[in-house]
Amino acid sequence: MNLFPSKKRLAHIIYESDDRASKNFDLVLLILIFMSVTVVILDSVEEIHRDYGRFLYGLEWFFTLVFTVEYFLRIWLSNDKPGYIFGFYGLVDFLAILPSYLSLFLFQTQYLTVIRALRFLRILRILKLPHYIREASALKSALKNSQTKIQIFVGSVLTIVLIMGSVMYIIEGPESGFTSIPRSMYWAIVTLTTVGYGDIAPSTSLGQFVAALIMLLGYAIIAIPTGIVSSEMTAARFDKKNARQKDLYFCPNCGLHVHNSDAEYCRKCGTKLEPLNP
Amino acid sequence: MNLFPSKKRLAHIIYESDDRASKNFDLVLLILIFMSVTVVILDSVEEIHRDYGRFLYGLEWFFTLVFTVEYFLRIWLSNDKPGYIFGFYGLVDFLAILPSYLSLFLFQTQYLTVIRALRFLRILRILKLPHYIREASALKSALKNSQTKIQIFVGSVLTIVLIMGSVMYIIEGPESGFTSIPRSMYWAIVTLTTVGYGDIAPSTSLGQFVAALIMLLGYAIIAIPTGIVSSEMTAARFDKKNARQKDLYFCPNCGLHVHNSDAEYCRKCGTKLEPLNP
Amino acid sequence: MNLFPSKKRLAHIIYESDDRASKNFDLVLLILIFMSVTVVILDSVEEIHRDYGRFLYGLEWFFTLVFTVEYFLRIWLSNDKPGYIFGFYGLVDFLAILPSYLSLFLFQTQYLTVIRALRFLRILRILKLPHYIREASALKSALKNSQTKIQIFVGSVLTIVLIMGSVMYIIEGPESGFTSIPRSMYWAIVTLTTVGYGDIAPSTSLGQFVAALIMLLGYAIIAIPTGIVSSEMTAARFDKKNARQKDLYFCPNCGLHVHNSDAEYCRKCGTKLEPLNP
Amino acid sequence: MNLFPSKKRLAHIIYESDDRASKNFDLVLLILIFMSVTVVILDSVEEIHRDYGRFLYGLEWFFTLVFTVEYFLRIWLSNDKPGYIFGFYGLVDFLAILPSYLSLFLFQTQYLTVIRALRFLRILRILKLPHYIREASALKSALKNSQTKIQIFVGSVLTIVLIMGSVMYIIEGPESGFTSIPRSMYWAIVTLTTVGYGDIAPSTSLGQFVAALIMLLGYAIIAIPTGIVSSEMTAARFDKKNARQKDLYFCPNCGLHVHNSDAEYCRKCGTKLEPLNP
């Protein structure tokens, strides 16, 4: 309980989360992140900015300085400095302080500090919930399985958007808001995704006919990503179910291999197998 | 058939639904609830309020007094008074009369009496339909199974809304309606959920480009809750199917355990097993 | 080939579709239905009505008279007169001629003659496609299986619409278009279904916050009907698949019973089993 | 490495993609297609057209001439001339140059040259990715399997759109934008697909009530294409899974036949079976 802990002890407090000091550090950090994001949001509301702008500006710089100190502490204490700096968490930590300094030179960039919200992901590491990690792995493997389908889907959507946008630009023209092909493509995306702002809408009969065709097409197309996700999730759900019924384990990492009931590590990728809740 | 029934008989009439008197009581109650909600809705229409306002005001207080008497009767007749008062049905009964009394002090709260519609849930208890209870249990267990997925989903949506809202606030600014980050976040939710009112819409080229990205993202994201529900329902559907084909029973409460064909109670949670319709 | 066929021959021509005369009759009928619907649609366009109104009015009455003669012929020729008149096809045939006669007394009802489009359903009877009948039976049995889920779903949606509509009426008031609870409920449906016209939209901060909650709720709720349909269709798909793999037949009527490979009629409901395409 | 390759060598360069010269040719072609589409898009933006219009016009004709030369080269070098000209790729190649020449006579058709984007499909042939071909075959077979369901679905949607459009035309009339039945049908499609521009919206109480019914119907109907795609994809997913688990092969062409583990060609349609990635 000395006031200046050793470097090793400090590294433990900052990087781990298994005793009182390190848990408190993580808790304080999460509260600071939450308050910092709240300050940025509040400051953007004109009425609040008018009355409390100076106070919030001060608070924001206080949080930025605290996070800056923490960032350099993490670099200093890390055993694998480049691994931290260029890793996911290191980049998020860096991006969380960058906008404040940029705002000294560039207008309004201080609002980008909301990217600090990404630091909440640290909760996952702190809580170390196997549930979340398993689900995330399942999602990752589902995405990997349906990669080709997704590529075909995105390619088709972009082609439809390009061609339909051009056709509507020719049919409707600038009078209805279709002032250029890029803007018509924006309209096509607004329509295909069924968002439908109505800021740009066809006004000629032919334009409305073509727009109706695009909508019915969008109706069919929206079924495709849903179908991909549903089928992958159903498949994953049955894997889990089968594994449970047969007392077998399902590897959260490589996903497709069935393990013997006494297996503790995946025989393919070596991932520790979590026992499924009974 | 005496005019003043005993306390025990009165409790039976109010709490049960298995003979003529108690069934009639429930029926009258449902009709009163329906009429009471209708009165509130009609009273909000200006033309009707102008012509029949006084009459509807009187009716509303009549229903409130009847429900108040019923509420205190239920407390008086209940064997487990705190259990009723703080239970689900007791709270709904209390909330159903509260707004009328509040409206004496607070403006317009009388419209909150539409919460009386929740009292219709009593129908489930009156009809005691095993179908509904089984489906509701299945839905509850499906939600429990996909709890982690839903948490990850809600967290991701809120993070996207926060960051995208801030980005659009910087890009578009107050001219297009993006007057603050909270309002930009409202816009981001309107866009991600494909509602798309168009009250706030991007007008710059860069803003429309970013908005198009958000829409395509929303397209992908909307597939996730659908996929979760579809996979859980498909799994539940197959459980039911398998149980039927193999003459086995499926527990509506804990869901995942297969029972022997002669089982009458779940061997795990003791729930009475409903025989499946053949 | 005599000009005045016998009553029996005429009944065959009108009710059957298995030789040249009866096939031609059906074909002519379908063309008349299509032309009749087209005439009504064209007549509603002001420019066309101005120039060709009289001509189209004449055509419409010509079609109406032809369909009226056909209707009374069908009654006269039918063996089971009440069965035809109050059956599905008889009612559609009656509704197809009613609006024209009503239009003599009521303004604009002639446009309701588009209900003639329902007569196209006759195509199904003419073509007698076993595919369509099987799919329609599958859809019917899927709907029956998920009846309880659909009832719970519709009940929940209406309750949410009622309560949220009232809440928004109190929060927003007439300034933003929420002029009454029914109109607020209309807004709630527009929002929950993600249609989002924007004719009524919240303008206060609190209203936008509550609206955002409703949207996220609608996001989750839209997953439910999709999940119901997906799971039923997946189950039906696997039934068909299993039946095919095991050389067993699947009854298109009662759906859930597996038949022996040599079965020609469903052992439960007696429906003729269509051999599945190999 | 002579400057004028033989006709056979030229055909190889243009039609194949297996050595350096032919790969370079394909790469250059893809870059030209991409640049050509970009030029058309940029030229439609008024600010860019004002400043660089002449330059972009020149570029566009340069690309058109290159593609024209390529088109005639392909015809000259093809062994099966009519097969190329009337085949899919030949038609796309022809449509890719047609709009430029048409624009000499017809206004604005030059923007239709964005159809050149379809030439990107050539990438599939160049890369010859078995993944894509397998997924595309799976999609094709899924569409074929659900053909009847899709026909019933499209028929129902069009009937609902026709009848609801007419009903709303009678209820609302020209004041709210329902100026004709075709325009009301456009509104019905905008509403059913949940796009909801708001350019046409009901303003009477009865109209809003009917519109709310259409929206709730659309809510249910949107579930159907999603359900069709989900069930087909789930079925395909399980086929693949089963094939993998049992060391059996699944034919990417006819889809439904299970093959022995030593099969190299589909015993039904003769398609070469790709070994599944382990």
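When the chains are written out, they are named A, B, C and D in that same order, and each has its own residue count from 1.
Definition applied: a contact is a pair of C-beta atoms (placed from the backbone, for glycine too) under 8 Å apart; a residue touches a chain by one contact, two chains touch by 3 or more.
As the structure is a computational prediction, the values presented were derived from the model and not from experiment.
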Path length in steps (a step moves to a chain that is touched) from subunit A to subunit C: 1
Shared interface numbering between subunit D and subunit A [over half = same, under half = different]: different
Turning angle required so that subunit A lies on subunit B, C-alpha fit (0 to 180°, nearest 5): 90
Intercentroid distance (Cα basis), subunit D paired with subunit C, Å: 30
Where subunit A touches two or more other chains at once, by residue number: 182, 194-198, 222, 226, 228, 230, 232, 234
Subunit C - residues contacting subunit B, complex: 148-149, 151-152, 155, 159, 162-163, 166-167, 169-170, 174, 179-182, 191, 194-198, 201, 203, 205, 208-209, 211-212, 215-216, 218-220, 222-224, 226-228, 230-232, 234-235, 256
Contact set on subunit B toward subunit D in their complex: 194-198, 226, 230, 234
Parts of subunit D lying in touch with subunit A, wherever the complex brings them together: 37, 40-41, 44-46, 108-109, 111-112, 114-115, 117-118, 120, 131-132, 135-136, 139, 154, 157, 182-183, 185-186, 189-190, 193-199, 222, 225-226, 228-230, 232-234, 236-238, 241, 244
